[in-house]
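Note that subunit A is present in both complexes that follow, paired respectively with subunit B and with subunit C.
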Partner chain A sequence: MIATTDSQRRWRRAFVIAGAIVAGYALLAPLTSLDVAQSANIPLLADKFWFRIATYIVMFVVMASAWNIIGGITGYAAFGNVAFFGIGAYTTGMLIAKAKWPFLLALPLAPVLAASFAALIGLPLLRLRGHYFAVASLGVGVALGELVQNIDYDGRPVFGGASGLFLPIYAVGHRGLFFFYLMCGAAALAIAVTWWVLRSRFGYGLIAIRENEEAAAVLGVNTTAYKVAAFALAAALTGLAGGIFSQWNVFINQDNAFPIEYNVQMILMALLGGTGTVFGPAAGALLLQLLIQFLGGSLPISLDIPFVSSEARPIIAQVILGLLLIVVVVFVPRGAIDFFGGRTRLSLAYLRRSLRETSL
Partner chain B sequence: MDAFVQLVILGLLAGGVYVAVGVGFGLVWGVLNIVNLAHGALVVVGGYITWQLFTGFGLDPFLTLPLDAAALFILGYALQRGVINRIIRAPLLFTFLLTFGVNLVIVNILLLIFGSDFRSVTPAYSGQGLELGSVVIPYVRLASLGAAILLAAGLAFLLNRTRIGLAIHAISADRDAAQLVGIDLRHAYAVTYGLGAACAGIAGGLIAMIQAITPTAGEPYTLQAFVVVILGGLGRVSATVVGGLAFGLVEAFGQSIPGSGSVFANAIAFGLMVLVLVTRPQGLMGRLH
Partner chain C sequence: MSAAVSPQLELRGVTKRFGGVAAVDGVSFEVAKGDIVGIIGPNGAGKTTLLNCISGTQRLDRGDIRLNGSSIAGISPHRVAKLGIGRTFQIVKPFGSMTVRENAAIGALFGSAQARRGVAGAFALADEVLELVGLRAKADHPVSALTIPDRKRLEVARAVATRPQLLLLDEVMAGLNNVEVDDALDMVRAVHATGVTVLLIEHVMRVIVGVCRRAIVLDFGHVLAQGEPEVVLRDERVIQAYLGERYAKRLKS
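Let's turn to the complex of A and B:
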């Protein structure tokens, strides 16, 4: 353990306070949209638009935290976790749209099915290491999306096909508020599971696998069972987010249930905040998703980029995002947690040191 | 029987493109240990250079191929020397993310320059073909299969018979030992990536003659390159050639299954890849280390 100095402790305290303020605001602002608050003339802090963005951000908190369990704690670079999001979305979606199940009954099956699928493909895939595991898991994600869109039975698409799957709107007062708090519940679960994993015998086994898999096996860790369990746990949480998403969005298709870019986004969020930590992925999800929305021009505060027409703007936003990705990976390879957590200060010397460590 | 022969020919012709797309990707992965997610974007850049030279200057598309290679070698060299070299000692996930970022930048710059319209290169001879009984083989496809095989042969020659090729073999075998015997690692890495990018550029030129391209068309090529390289086995050009042709054949036969159509192309490719990875991780032609 590195001794913490006073200045480090101050930094850490500042970030904890900032995090608590953000979380408190996010959890309390929706209440101003209730009728009671409105009749008491409390200013409206959360409109429809706020709920949409906030629920998106929290959805990524769930996915980044879930990825952290297999990618950050176990050290297996899963690149196809979006498959589990899609499975969750389609499980809930199919049960509601075709089997007419009520939402709250259909939702628990999303994580169950996602975890079962992960266990099934995890047994062969988790024998692979490094690049090979990353590529194979990516392949599963891509192939699954294509299968879901194209499987026909009796000439009719089973899962809604290319035109997607429409769900009946869930009849509940304050829909935005309901789905936001539901997603927050999923995020709290994901963070609590991470917290538990990091303090359990199971988690120590996973960390041992990350650091040296052979040594872990020699020490008596059942590596196969541990890896598959971690993969299934990540899949269950991601599937839960997908299940909530399908009923919240009311419409799912290959593009919004199996988007390949989510794979990269959740990894980047975990890296940005710090892999293998409890709150890192959540912080990373908040930062990156806000940035993506800001660059895409969908936040109320937005900045005009000079010399750029409005059609070119989303493209420029993507270029900026790509450049940012490059800069983060090159200069801050250990994640922002290094200075958010108070271990070091963000300084030129830090950037130069981390550059030297990884350069050829 | 006739249909069978036709499928084999179609498969091999399609395989030619996969060989071209796969060799550069396999080189970068095998030697530098980088899974280059920007490979597809580099392919598309090559396609646009060919399109620009063909429509702008009326140059024959096959004559643009060396220019594609030269331009992308320079781009690739600069990219590796300036950016990717800086994270060579970082965990593997970082190379994934970095090359994904590069991919994002290239694709969107192409979108800014060329827009999202589909472009195709259609020289006067593009409609003509060789008639073999009931089978018609377009000359362009035949020539691109030939060009792809030539590309692979040229790359193999370069790697096995020249000084820089030996240096690339050396850094692939043991980076630190290579440095000890006086190889300039930064330069050798950049040359290797540049060669991979040059192969991607030629592949892009060939693809532009066969199908319409758009800035976002690159991603499937990256994925196909993965599958081809894994199918053949990492580390040798000849293995990638076998992998590419095998992939073309599998795809042609897979698409001929009634009811499946071409919509399952990715699913077939990745199903096959996962199967190979799990049962024979060294690839069809690979050797176990």
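Let's turn to the complex of A and C:
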């Protein structure tokens, strides 16, 4: 570690305090919807609408943190991680809807199946590097969504086909509260796994692969096994998010279980927050999801964008996200956590240096 | 040690082709335990390809490579490392985002069966090795702050941290000035003194004569001559290969 100065330590402390306040509010606000709180006249801080947005944000915390393990720490730009989300969603969905399994029994199989699939396709795919790996993994994500929608057996769609798959509603009191905290549990798991990876022998091996795969191999890192393990670990966490999503949303189809735009969003979140760090992807997920919801006009605080009708807002949101991706990659390549965490200060000199290093 | 003991490293007819060109063509030699052997030869003689075949980064087409009597031909690089062969690269390949200590620790975390240890133990071993190669004072520096000679040292430190029984050094002196070469020679001697067998590729003749007990000359993928460095370097065929036929004749007359 490079020695830290006082001002860096102050920045870091400010960042930790801000993060703790946001996390504390998000975790405690839902409790005000409980009957106990309502009868004690505590103001309602989280309604149904709040739960929906908050659960989405936390779901992306899981997916961005998971992507960070293969994309950020191992340095393999996976562009098709949504495949694992979809596998998780359909595994749990099929077990509940068709096999009548209880949700809590069907959920653990989502990460298991997603990880197995990742290990299987990882063996050939992870031989590719750079753009080739990115494009190939993107292809897998797209193909899988199409397969799920179009596989028929005996003239009937196996996975619900184009009309999707309906799940029975999970009978639990305070459904919104339940799924929010369940997703928070998955996010905590994803962050804890990242924290462990970055301190373990496994993680040092992954970083060595990212920095120079050939050097890592001659120093004794079993590169193939490590890459596949990282890919499977990312897939397991993403699949877990998908499994929770299917029962939470009650309805899944190709559009909401395999959304192509999630591929870009989780990468952008990890980049925005800071790849290879523990909390970077989580911070990026929070910032970006809030921005997406805001631009889409689904936040209570909204702003009219001039010359844009309300129907066109989601499209404008995509355009702005695309521009943001360019700005982040060019100017803030190490992510927001880099200056929030006190390692560097966000300044004009920093942006200029980044621009030079990106060498356009 | 009796003469009947099998050599630590044994190459038998090692051949590696790239299309129609045989970069290494039927190379055979032996390296005894505790020895320090230099491989020299003009550019394109196949020195680095030979090292790649031994360390597993390239698959040989024919022949056999044996370590302590058992074949290691065609096995993957990480398994070669685990068996106790460490190597450096001519063009250094440091882990750019890590500090000097972390770079060395990767070798100690993985490496040979003698290295492989937990994170805390690996960092302790890394410090020991950095002391040996003279980088202890810069342990906390990022790699980007290192000079070229220091990067070469780091390359050696990482390989030594794998606790190899045999160390392959690919031109660790290339691009260094005279003073830096002297320092690097001391480093190689220090590493060798810890009981590691060393096989090094070098262009700088002073290095071969200075530290090696034996030299092997490669030319167009063949072994041209081998023996004591002083004798080999006076060999007419070697002078021809290096300086051309005309110069060799003039030298003779």
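Convention: the second predicted complex is superposed on the first by the 358 of 360 C-alpha atoms of A that agree within 3 Å, B and C clash if a C-alpha of one lies under 4 Å from a C-alpha of the other, contacts with A are read in each partner's own complex, and residues count from 1 in each chain.
The rule is simple: a residue touches a chain if its C-beta (ideal position, glycine included) is under 8 Å from a C-beta of that chain, and two chains touch if they have at least 3 such contacts.
Not measured: the values here are computed from a predicted model.
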First, second, both or neither for A:N150, with subunit B first and subunit C second: first
Partner touching more residues of subunit A, whether subunit B or subunit C: B
Partner chain in contact with A:A285 - subunit B first, subunit C second, else both or neither: neither
First, second, both or neither for A:A115, with subunit B first and subunit C second: neither
First, second, both or neither for A:G220, with subunit B first and subunit C second: second
In the complex with subunit A, residue positions of subunit C that touch it: 55-57, 76-78, 80-82, 86-87, 89, 93-99, 102, 105-107, 109-112, 115-116, 118-119, 122, 140, 142, 158-159, 162
List of subunit B residues in touch with subunit A within their complex: 29, 33, 35, 83, 85-94, 96-98, 100-105, 107-109, 111-112, 185-186, 189, 219, 223, 226-227, 230, 259, 263-267, 269-271, 273-274, 277-278, 281
Residue numbers on subunit A that touch subunit C, as the complex places them: 1-2, 199-201, 204-205, 207-208, 210-212, 214-224, 276
Complex contact set, residues of subunit A against subunit B: 71, 77, 79, 124-125, 127-128, 130-132, 134-136, 138-140, 142-143, 146-147, 149-150, 152, 260, 264, 267-268, 271, 312, 315-316, 318-319, 321-326, 329-330, 333, 355, 357-360
